[in-house]
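In the two complexes that follow, chain A is the common piece, with chain B as its partner first and chain C second.
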Partner chain A sequence: MEFLRATSVDEALAAAGDGAAFVAGGTNLVPDVLFGRKKIARAVDISRLDELRFIEEADGKIRIGALATVTDLLDSGLIRDAASPLYESALEFAGPLVRNRASVAGNLMDASPAADLAPPLLAQDAVVELASAEGERTLPLSEFFLDYRKTAARPEELMTAVVIDPLGTADRCAYYKLQLRRAMAIAVVGVAVILRMEESVCAEAAIGMGAVAAVPYRARAAEAHLRGKEIGEAEIEAAAAAAADGARPIDDVRASAAYRRKMCGVLVRRLLKKALGMPQIAAV
Partner chain B sequence: MSTYEIKFSVNGNDESLAVRGDETLLRALRRVGYVEVKLSCEGGDCGACAVLLDGVAVNACLVFAAQADGAEITTVRGIGTEDDLHPVQEQLIEKGGVQCGFCTPGIVVSAKALLDENAAPSREDIQRGLAGNLCRCTGYKKIFEAVSAAARQISEGGGS
Partner chain C sequence: MSERVVGRPHPIIDAAEKVSGATVFIDDLELPDALTGMALRSPHPHARILRVDTSAAERLPGVAVVLSKNNTPDAPFGINHKDEAAFCREKVRYVGDEVAAVAAVDEATAREALSLIRVEYEVLPTVADPFAALEPGAPLVHDSVAGNVANEFHIRRGAIDEAFDEADATFADEFHTHLAHQAYIEPTGCAAQWHPDGKISVWGCLQSVFLIRTFMLAPVMGMSADDFRVTQTKPGGAFGGKLDVKAALMAAMLSRAAEKPVKFMMSLEEDLIAMRPRMPVHISLESAWKRDGALAGKRVRIVAENGAYSSLSPAIMSSIALRTDNLYKTPAAEIQGRLVYTNVIPSGQMRGFGNVQATYAWESHLDNVADGLGLDPADLRLKNYTEKGDVSLHGWKIASCAVADATRYVVDKMDWKARRARGGKGRGVGLASCIHVSGNKGFSVELGPDDTDPSSGVVRVDEEGKVEIWSGESDLGQGATSVMAYIASEVMGIPVERFKVPPTDTGYMPFGMGAFASRITLIGGNAVKLAAEDARRNLLDAAAEAMEIPADELEIAEGEVRAKALPERKMAVGEVVGRAGGVIEGEGKWLAGGDVLDKEKFGNPSTTYSFSTHGAEVEVDMETGVVTVLQVCCGHDPGRVINRLGAEGQVEGGVVQGMSYAMMEGLAPLEGRLRGRNFHDYLIATSMDAPPIEHDFFESMDPYGPYGAKGLAEVAINPITAAICNAVYHATGGARIRTLPVTPERVLEAIEEAGR
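This part shows the complex of A and B:
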């Protein structure tokens, strides 16, 4: 395997393609290469491109540079205050040794169905910025994941940033990662919920799901039971049922498909109630 | 197979070595004698290979050696010496936080990084700070007690 350290984004883009892979934190790619799960002709090291490592607020948006680490998310007051489901997912992400290296873009480009940052970023309508020698383009994250570990990024494209709208005082949100232990665990189910309230009416609903299909996705059918409604027990039950119904989980070493599907409903119900400050068990 | 001439410093010693493009930092460090960096899962799960890379605690198995060209690396041997142990090392001995010892180099690296950031960590802070380091002997209780005691020792001026 050839190795090249890029000293600029342009140099990285010029070295892309022809079996090359970008490497930043390396937390997925390095063991994938070591154990032969990935064969790459050339690793293009972008880990020193400091111009891609930032978290900033600009024109009313939050821009997260591709090389911002998961630790950077946790160190950012902006993320904690205006992207709290993403912040919570970062708290549950692996352990500190991995968080210190793993980049936001790497978690998305790796395209694991269980990518921890994907459900909250999907729920927050993230848009990804992709660059290649031909130019730049943007894509909603909901159109980025195509199939199991397959993304819309072309082999020569580099993700340079992820952009989200900051959450405001009208937004109610909640996040949960169901996992077999509280650290270093791959999600059994990951769910992020964001509700934009206008008085007592839910103007917008967004539910990001992870680890329950070939790709992380938005539970659109569940959202439709909430949008434009005054949310009570009936709406929550309908959304929870739709979320379970829409999941396409698999059996694996962590959980059965049936358990995952059931947990989709349980978690969506629980998180909607948590977000809205409703008691988890209805008063009798 | 292409090789690359790289340089980095380990515990203040300048090292020059030729590495393959796909060689991990863990394997390169062990190859030139830094065997205190333990080789175990090689997948980022166990933390036995933790080192400070430019001051940041990372798993050496998850870094290509060539990515560390020009870096300053600190292993457990750069954190204290036998004559002048770091409080974390002193307290791991004092509290019985070492059994087989295989995870200890990584535990010391993670604990030092934690205490450098947070001088008075709560029990949960310590648990979270060591969440990437597996120990299969001690059940962690004595390790957590040792890190807690090390924090107190540092705050009372008993070493760095």
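This part shows the complex of A and C:
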């Protein structure tokens, strides 16, 4: 395996393709290569490209640079205040050592069904910026995950930034990661909920789901039960049922598909109530 | 208790060396020109070996030797049954079974050599489930063992039928435990060096340097035990898993064949799939009671999962079968056990030696009984506990016992009555108790030289006043060497800082059985105490001559020999030794009490017994089944605390390790293939999961223990699983966890079952 440390984005892009893989924190790629799950011809180290490490607000958008780490999310007042589900997912992400290295873009590019940052970013209508020697393009995150560990990024493309709209006072949100221990655990189910309220009506509803299908995804059918409605018990129950119904989980070492499906309903119900400040059966 | 050292908090004696990174672990050990040893392991749970072709591997440049059934003798070994071979012969019996091994100049070459070995298999039907293995016509794991039953027993003691006929109430339950690894941080490995005189040196993190020679190395290699010099390297954890270490055999055989040193280091994945994890067991319980909560009798049926080979599993099953009967006054019992071969990784011993599983089942059952009888679970236990002076129905003699004090402490500290009254609604408390041996005579017969369960120690003082303790008992991080140093320091009046306890080494140290069965503090501690007393006498005799004062008018304190009447007449210990020729020694030997059990498993297997009670408070998310352990409160009776800091570490470590086993661990076999093959899928608790732990010691001052001390390692882990399960039962208004681990999914199923 060849190793190349890029000193500029252009240099990194020039070295892409032909079995090359970009390496930032390496928290996914290194174990994948070590244990033979991935074979790569060339590792293109982008970890020194400081110009990709930023979290900034510009033109009413939050741009998260590809090399921003999960710890950077936690250190950012902007993320805490204007992307709170993302902030909460970062709190539950692995452990401090991994959070210090793992990059936001890496978590998305790895395209694990259980990628912790994906549900909140999906719910916040994230758009990813992709660059290659041919040029740049943008893509909604909801169109980025194609299938199990398969993304819309072409082999030569580098994710350079993730862009979200900041949440405002009208947004109600909640996040939960169901896991088997309190750190360094793959999600059994991850759910992020964002509701944009206009007076008592839900103008926009977004529910991001993780670890319950081949890809992280938006629970569109569940959202439809909420959008444009005054949300009461009936709407919440309908959304929860739709979320459970829409899930395509698998059995694995962590939980059965049946349990995961049931939890989709439980968590969506609970998070909607939490977001709206409604009484819950038990605290999350 | 006027001791100056014993009972106080001290750091473990090699703490500075460990935290500064100076410790040499097995992987750090460098032997000049050492080859890398690696094993080829079976990819199949069950297959016939048609042919092993190693010729291409042998031709690869850099490969020194390839071993397989083709060029090694048929020398089956095993502690209870000789059912295992160095390299598989006619069949492979689990995924991970050793088929061949290579020694090569480096890891890459060794790995390539493994890939060049051609093995032709005829895949056979897998029998992974023990109940399926017991069915007539099931595939046989060992062709010579009909019905796949490795061991079987049926014991009736007391008037068992009358106990049930005349009972006011009877209860029945079934429990199932899982396959869990010891999950030490240091993967297993050994190094070996063949010498031109035909002898072999072996190094590794081993629980018993003496016994691995006699039960594994010598018989398989056709050599005598004293052909091997086995030296322990500093431990990176063992918890029972490094007693039966085949890596030592691999390294030694490769080294002899290559006539060069060989290091055989297992990867974490190899360790997870091919060591000897904690035995899964299926326990059916029935118990008979009087209306007032007096236990009248119990029936126990056990199906224990042996896996592919037996090792110590028959003894583990025995421990599971009988242990809890001795914690309570049990008038009658009927016990049936069957140990079943399967095509799964061979199971083995881990901290608790079956008692974690047995205590989980029985103590869970007790709370169901308390519920049925309308009694408080703590009161039910307090009514039935064994006491000092009791002889149990199996013949166990209780020499000291403070379990009731431990339980009353837990009840008091947890505000038990009030919390019990408030139960349900997702929050609850539970407790559980246990009894454990301090040494077990049975091992002495199965593994040791004879039936004495001996230990010996040498204490050696030099002309600088420094002291070395030589003991055959190993420190695995549990603090054994520190306990020895503190005992000897107390006896000899020499500060602890002057003591050194090197790792065990059969080359020059006196015999010891090693670290298992919570035996070292009691048995090794007594041997070292006697050795220290002997050394002290010899020091005083030498000082009497040097100082011209009778020995009985002298004492030793702070490393000086002083005249009792004239403290200004004194001489440093080092000077005394120097004038006596440069070395003063003491030696001590101690033989454990108790008996070897008879054929009906009757007798007193240990000198004495330790006890504990663990209490847990949990919060249960009733919709997701997620359990949070809010606090743990526990009381332990280790006889007497020798090193308070070490004892606290044992308790906290035991509780968290037990909680981890109870709630998240598991190798998760599926048709004989393990799914927990790394620490990503095999979860162990982290500091984030550890609950606050409040605890205290209840010192029963054992009559046989050094300064009254007995074992603590295993009572620190045994009850926590049941305590958590009982708290979940209380919190949920009746969700009983019958299968481990306590995952959210299982808890939710149990909640739904309780609601029906």
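Everything that follows uses one rule, which is that the second predicted complex is superposed on the first by the 280 of 284 C-alpha atoms of A that agree within 3 Å, B and C clash if a C-alpha of one lies under 4 Å from a C-alpha of the other, contacts with A are read in each partner's own complex, and residues count from 1 in each chain.
Here is the rule we use: a residue touches a chain if its C-beta (ideal position, glycine included) is under 8 Å from a C-beta of that chain, and two chains touch if they have at least 3 such contacts.
Owing to the predicted nature of the structure, the values given are computational and were not obtained by experimental measurement.
When both complexes are overlaid on chain A, the residue A:Glu237 reaches neither chain B nor chain C.
Once chain A of one complex is fitted onto chain A of the other, the partner contacts of A:Thr27 are limited to chain B, with no touch recorded for chain C. Of the two partner chains placed by the overlay, chain B and chain C both lie in contact with A:Gly95. Of the two partner chains placed by superposition, only chain C is touched by A:Val253; chain B is not. In the superposed pair of complexes, A:Met263 makes contact with chain C only, with no contact to chain B. With both structures placed on the common chain, the touch criterion links A:Met184 to chain B and to chain C.
The residues of chain A shared by its contacts with chain B and with chain C are 31, 35, 95, 182-184. Residues 31, 35, 95, 178, 180-186, 188, 252-253, 255-256, 259, 262-263, 266-267, 270, 281-282 of chain A touch chain C in their complex. The touching residues of chain B, when paired with chain A in their complex, are 2, 4, 20-22, 24, 42-45, 47, 50, 56-59, 61-64, 66-67, 69, 110, 113-114, 128-129, 131-134.
Contacts from chain C toward chain A in the complex involve residues 426, 621-624, 626, 664, 668, 675-676, 678, 680-681, 683, 685-686, 688-689, 743-745, 748.
Against chain B, the residues of chain A that register as touching in their complex are 1-3, 5, 23, 25-27, 30-31, 33-35, 42-43, 45, 47, 94-98, 100-101, 182-184.
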